[in-house]
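Input: a single structure, listed below in C-alpha cells.
Each chain carries a letter (A, B, C, D, E, F, G and H) given by its place in the written order, and its residues are counted from 1.
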Amino acid sequence: MKQSIKKDKQPKTKQPIVAIIMGSKSDSETMMPAKETLESFGVNCEWKILSAHRTPDEALEFAATAHEKGIQVIIAAAGGAAHLAGVLAAKTSLPVIGVPIKSKSLNGLDSLLSMVQMPGGVPVATVAIDGATNAALLALRMLGLKYPDIMKRMNSYREEMRKKVLESNQ
Amino acid sequence: MKQSIKKDKQPKTKQPIVAIIMGSKSDSETMMPAKETLESFGVNCEWKILSAHRTPDEALEFAATAHEKGIQVIIAAAGGAAHLAGVLAAKTSLPVIGVPIKSKSLNGLDSLLSMVQMPGGVPVATVAIDGATNAALLALRMLGLKYPDIMKRMNSYREEMRKKVLESNQ
Amino acid sequence: MKQSIKKDKQPKTKQPIVAIIMGSKSDSETMMPAKETLESFGVNCEWKILSAHRTPDEALEFAATAHEKGIQVIIAAAGGAAHLAGVLAAKTSLPVIGVPIKSKSLNGLDSLLSMVQMPGGVPVATVAIDGATNAALLALRMLGLKYPDIMKRMNSYREEMRKKVLESNQ
Amino acid sequence: MKQSIKKDKQPKTKQPIVAIIMGSKSDSETMMPAKETLESFGVNCEWKILSAHRTPDEALEFAATAHEKGIQVIIAAAGGAAHLAGVLAAKTSLPVIGVPIKSKSLNGLDSLLSMVQMPGGVPVATVAIDGATNAALLALRMLGLKYPDIMKRMNSYREEMRKKVLESNQ
Amino acid sequence: MKQSIKKDKQPKTKQPIVAIIMGSKSDSETMMPAKETLESFGVNCEWKILSAHRTPDEALEFAATAHEKGIQVIIAAAGGAAHLAGVLAAKTSLPVIGVPIKSKSLNGLDSLLSMVQMPGGVPVATVAIDGATNAALLALRMLGLKYPDIMKRMNSYREEMRKKVLESNQ
Amino acid sequence: MKQSIKKDKQPKTKQPIVAIIMGSKSDSETMMPAKETLESFGVNCEWKILSAHRTPDEALEFAATAHEKGIQVIIAAAGGAAHLAGVLAAKTSLPVIGVPIKSKSLNGLDSLLSMVQMPGGVPVATVAIDGATNAALLALRMLGLKYPDIMKRMNSYREEMRKKVLESNQ
Amino acid sequence: MKQSIKKDKQPKTKQPIVAIIMGSKSDSETMMPAKETLESFGVNCEWKILSAHRTPDEALEFAATAHEKGIQVIIAAAGGAAHLAGVLAAKTSLPVIGVPIKSKSLNGLDSLLSMVQMPGGVPVATVAIDGATNAALLALRMLGLKYPDIMKRMNSYREEMRKKVLESNQ
Amino acid sequence: MKQSIKKDKQPKTKQPIVAIIMGSKSDSETMMPAKETLESFGVNCEWKILSAHRTPDEALEFAATAHEKGIQVIIAAAGGAAHLAGVLAAKTSLPVIGVPIKSKSLNGLDSLLSMVQMPGGVPVATVAIDGATNAALLALRMLGLKYPDIMKRMNSYREEMRKKVLESNQ
C-alpha cells in the first residue's frame, strides 16, 4: 500500500475532485472563497448551480453519478429551506458538506436548521452560516485521508494561521 | 359549466384524491387526524411513507405521477430537516401542504423553518407544527373550489365549531 | 364533466378570482410580485388594504362575502402580530394563504408564528416571510385543480425555472 | 370629585366588571387563578369561551358591547397564533390584557409574539406566558385608578407579598 | 356617581397624569410618539430619564411617590436587560406599561423577555418592541375608565384609523 | 505585603463572605450546590430569599450594606424577568454573579437574557442556566485573588476534575 | 494505484481508525449508536472521555497525536458550551465531526451553535443534535473515499434503508 | 492584615494585572472601551490576540502562566463558536470574564451561548454581547476585593453615572 500512496500523494490537478453545488446563482459570491481555498491546495472543483426545487432531476442525477465521474466530496450551499445538501446526500455515498447561506429574513438560522437537523441515515456535514472557506478546508481534510500531500499542506496551513495570529500581536 | 358541476358536486368516494405522505412511520399517529378529517368529509386518501432522503427516487416519482393517478392535493409531513414537502412540490404542479412534525430536540422549529421558508418558485402551504387536522381542512378548502359539496360541508363544519364553542359556555 | 371543463379551462380574465389583502399600505411593495405573478398566468386579482385591527368589521365582511363575489382564493399579508389571515379564514370556507411580512424588530419571526400556528379548525396556508411570489404560485396551484390551463401553465413555469437554472451554468 | 369617589370607592360586587375570555375551554385551568385573584379583591368577572377563529362574530360582538354592559377591563387568553386579544381590542376602547397560553410545541413563544407585537393603533397589555394571576393584578391596578378601595387593597397585597418573602427567611 | 363623572369627564390638562420614564436618554426619540399621542388626547405627561441600574434609588422613589403626585399611569421604556418597568411596578400600585426598546444585538428580544416575563405578583403591561404609540394608547384606555371624554376620543381615534385604511383603498 | 497575605491566606470560616440571594424560595433546590461548593472550599455564605419585585427595598438595602457587613461576592439567582442580580449590582461595588434559573415556559432563555444583557455601567457576571456550582466556583476564583489558599484549592479542584475524567476511561 | 487499493479495500479490523471522544461520561448512551454503526461496517473505534475544560491538555494531546496513532476521523460529542470538537480540530488536520448533545435547558441549541459556528480556518463537520448514527455514517463516507469496501457497504446501507421504507407501506 | 492593605491599596500602575485576550484582530475596536475603562481606574492591561483554534497551544500556555506573570483577571472576547474564554478558564484558577462578540449572521446569540453555557467545573463570567465596558467594570469589582482604592473609585464611578442620568433630566 505504501508504494501506491507514493505514486498518488496528491490528486492530478486537472480533474475536479470536489464539486461545489449552489442552489442559486446569488450564492456564487459567498461560495467563491471555497473555490479559491481548494485551488490554493492544488485541488480543482466543479462549480455548478443546481436546485433541489427548480432542477430536482438534475440535482439527483448529479449526485447519483458524481462518484463515477471522479468527484470525491460534494459541497452544497443553499439558503432558507435549504434542501439541496440533504437531497444530494440521499443519492450518493460520498461525503456531502452543507453550507447554510445567510437568508434575508432569518439570517441563516432557517438555512442552518434545514441542513444540520438531518434524520438518521443520511448525514450532511454542516459548517457555519456562509462558511465557504471552512467547507473547503473540511473537504481538504477528508481528501487528506487519501492524499498525504493534502494533509501535509493542511498542517502547513494551520501553522501559517498560527503564525499570522502571533504576528498580529507585534 | 353549472351543469357539469351539478353532476360532480363531490368526488367519487372510492378513488383517493388526497395523498398523505409521511417521511417516517413514526409520523403516523400524528397524521391520523388528517385522514379521519378527510374521510369525515367523504374524501378518501392515499396513505404512504416516502422519504426525501431514504427513498428520493420513489418520492419524486410519486409527485411526478400523482396528478395523472387522480391525486389533487398532497399533504406531506416530516420532522427535523424536513425536505419532503419541498421536494414533492418540485415535481408536481399540484398544491402541496406541509405539516412540520414536532422534533425531539428543537420542538419542531427546525421542521417548520425547513418547510415554510421555501425559495421563490416552489411553494409549500405550511400549517402549524403537528397540524394534521388543519392540513386536511386546508386540502378540503382547496377541493371546495371544485366540488361545491365539500365547500358546503366546510360551511357546516365551521358552523358546528361555532356552536360547540358557544355551548361550552353553558 | 370533461365537456364542461373544456369550456372553462381558464377563468374569464376580467373578473378577479384571487384577492390580495394587506394589513397595511406599507406592505404593497412587498406584495406586488404576487399580483404580477397572478397576472402573468392570466389571473386578475382584487387588491385591498384591510386590517384585522383597524377595520375588523370590513375585514370580516370581506371574507364572509368573498366567495359569492367570485373570489376563489384569498392571499393575506401582514406583519408583527399578524392576525389578518387567521381572521379572514375564520369567516370563509375558501382557502386563505398567509404571507408573513418581515417585521422591523424580529425580522418576521413574529409574523410567521402569528400566522402558521393556527389552532385546529381554521387553517392558514402559510408561505415564507415576504414570500409574495410563492403565495401567488400556491394560489395558482389551487386554481389549477379546477382550471386545466392554469395547471398547464404551471407545468411550463416549472420547466422554465429549470431551464433558467441550467442555462445559468453556461 | 372627591365626594363622588367616596360614594363609589369600590365596584358593586354583584355585577362583573372584568371579563375573562378564553380562546379554548382547555385554557380554563390556566386562567382560574385570574378569576380567584379578582374575587379575592371583591371584583366579579364574566367567564367566557370565545374564539377569534371559531366564533369571530360573537367575539367581536362581545368586545363591541362590553363597555355598555358594564365591563371595564377585558382579559383575553389564547395560545399558538393567539389572535383573540388583538381582535377584541380592535372592537372596544376598553383596555385589553393578553395572556399568552403556553403552547404544545413552541412553549408559548408563538402565543407571546402573536399577542405583544401588535401594530400601532390597537394595544394589547401583554403579561407573561400563562400569567393569569398577573393579568388579574394588572386589571385591578387599572381599576384602582377609579376605585380607591381597590388601590388600597393592592397596597396591602404588595405588603403581604413582601412579608411572605421576608418570613420565608426564618 | 354619574354626577361626579360629569364634573370630571377629563383630566385637568396642566397636571401630568401619565409619566414616561426612560432607562436612557437614547430612548427619547423612540418614545416621543408616546408623548405626542398622549398630548393629542389632551393628556400631559411627565418625561424623565431614570435607570434601574444607574439611579436605582431615584427610580424606586419616583414609583413610590408617583400616585400621591397625581400620576395615574407609568410608561417605562428600556432595552437589553430591561429591568426598569418591573422595578417601578414593585414600588407602586399604579398600572405600569413596559415598552421594550429594540436592542443593538438581539433586536429587542432580550428587552421584551426581560419585561413581559414578570413573576406572579407584580405585573407589567408590555406592548410591542419600540411600541411607544401603543403604550400611550394603552394608558389612555386605562384613563378612559375614569374619564369618559378620553374613552370617547378613543372611540373616535379607532374610527379615524378605520377611515384612513378604507380611504387608502381609493 | 507578602507578610500580611501569609496571615490571611484564607477567610475566617465563621463569617459569611459570599451571599447567595434567591428571588424565590423555589430556587433553593437549584442553588444548594452553590452553598455546598463554597463550604467544600471552607467558605461560609449567607443564604437569603430577596426579590427585586416583592421586596425591592430590602433587596437594595441588602446590596447597599453587604460590603460593610463583610460580604465580598454576591450570587443572585432568579428566573423569568430576572431583575435581581442587576438591581443588586446597582447598589454595590462588589462583584455580582447571576444565575439564570430555568423557567417554566421558555426554559431559562428569558432568565439568561434578563441577566446577561446588562447595559454599560453595571455588570452582572452571568453563568449558565441553573449553573449554581459554577457560580460558586466563580466566586471562589474571585476570592482566590485575595486568599492564596482558595486559589490553591482551586488548582487542586481542577486537578481532581481532570483525574476523575481520566479515571472514567478505565 | 488500483493494485494497491485492491490489497487495501477495507481497514484492518483490529486497529481503531475512528475515535469517538465525549466531553462527559453522561454522553455515552447517546453516542453508543455511533460505535455500533461503525462496527456494523467493520470499523473499530477508540472510545474516550476527554473534556476541553476538565482535561484540556489531554484533549489537545490526543488530537495532536491521533493521526500518527492511526486514527483517521475524530467524532467529538459535547453539550452546552460545546468546545470539544473545535478544540480537537485546532490540533489535527484530520476531519473532526461534531455531535451537539441535547442540553438540559436549551435542548441542544447552545451545543449546536457552539459547534457549527466555527470561525474560518478550523472546520467542524457538524451533524444533528444527538445525531450519533449520522456522525458514524459521515465518518464512514469519508473513509469510503479511501476504502472502496466501505463505500460499497454504504451503497448497500442506503439501499436497505430504501427497502425498509418501501416495505413499511405494505 | 489591615496594615498591609494600606500599603497596597491599589496595584502598581506599570505592571498589567488584567489581560484582554481577543480571538481575532477584528475584535479590537469592540474591546477598546475595556482597555480605556481599566486605564481610567489606573489599571494597566495586557492586550493580546490569541485564538482557541488558530493558536491553541499559545492560548493554553498563556492561561497556565498568567497568574505567575502577575495577571489577576482575564477578559476573553470571541465571536461565533466562541471557545476562547472557556479554554482559558480550563487552564487557570483566575477568574475569566467572557465577552461574546456580535457575530455576522446570528448577532452574537451563538457567541453568547458558546460562552455562558459552560459545564459544571469551569465557570466563565459572561457579560453582554459586545459588553467590553462592563467586562472591565466587572474585572475592577473583582480587583476591588483586594485593592480598596479600586473599590472606592467604583463607588465614585457609580455615583457619577447617577449624577449624569439625573443631569440629563435638566
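The rule is short, and it goes like this: contacts are C-beta pairs under 8 Å (C-beta built on N, C-alpha and C of every residue); 3 or more make two chains touch, one makes a residue touch a chain.
Computed from a prediction, not measured in an experiment: that's the story for all the values here.
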Touching chain A and chain E alike are C, H
Matching C-D in over half of the residue-numbered contact pairs, the equivalent interface among D-F, E-F or A-H is E-F
When centres are defined as mean Cα positions, the distance from chain A to chain B in whole Å is 35
Go ahead and note the Å separation of the Cα centroids belonging to chain A and chain F. 45
Centroid spacing, where centroids are CA-atom means, of chain E and chain G in whole angstrom: 55
When the C-alpha atoms of chain D and chain G are each averaged to a single point, how far apart are the two points in Å? 53
Two or more other chains touching the same residue: where does that happen in chain C? 51, 54, 80-81, 90, 105-107, 109, 116-119, 121-122, 124, 128-129, 158, 161
When you check every pair of chains, which ones turn out to touch? A-B, A-C, A-G, A-H, B-C, B-D, B-G, C-D, C-E, D-E, D-F, E-F, E-H, F-G, F-H, G-H
Which of the residues in chain E come into contact with chain F in the complex? 23-24, 51-54, 56-57, 60, 79-83, 86-87, 89-91, 103, 105-106, 109-110, 113-119, 121-122, 124
Partner chain G, residues of chain A touching it in the complex: 1, 3-5, 7-8, 67, 72-73, 90, 93-97, 112, 116-129, 131, 133-135, 137-138, 141-146, 151, 154-155, 158, 161
Can you name the residues of chain A that touch chain C in the complex? 25, 48-51, 54-55, 58, 80-81, 104-107
Write out the stretch or stretches of chain F touching chain G in their complex. 102, 107-109, 128-130, 158, 161-162, 164-166, 168-169
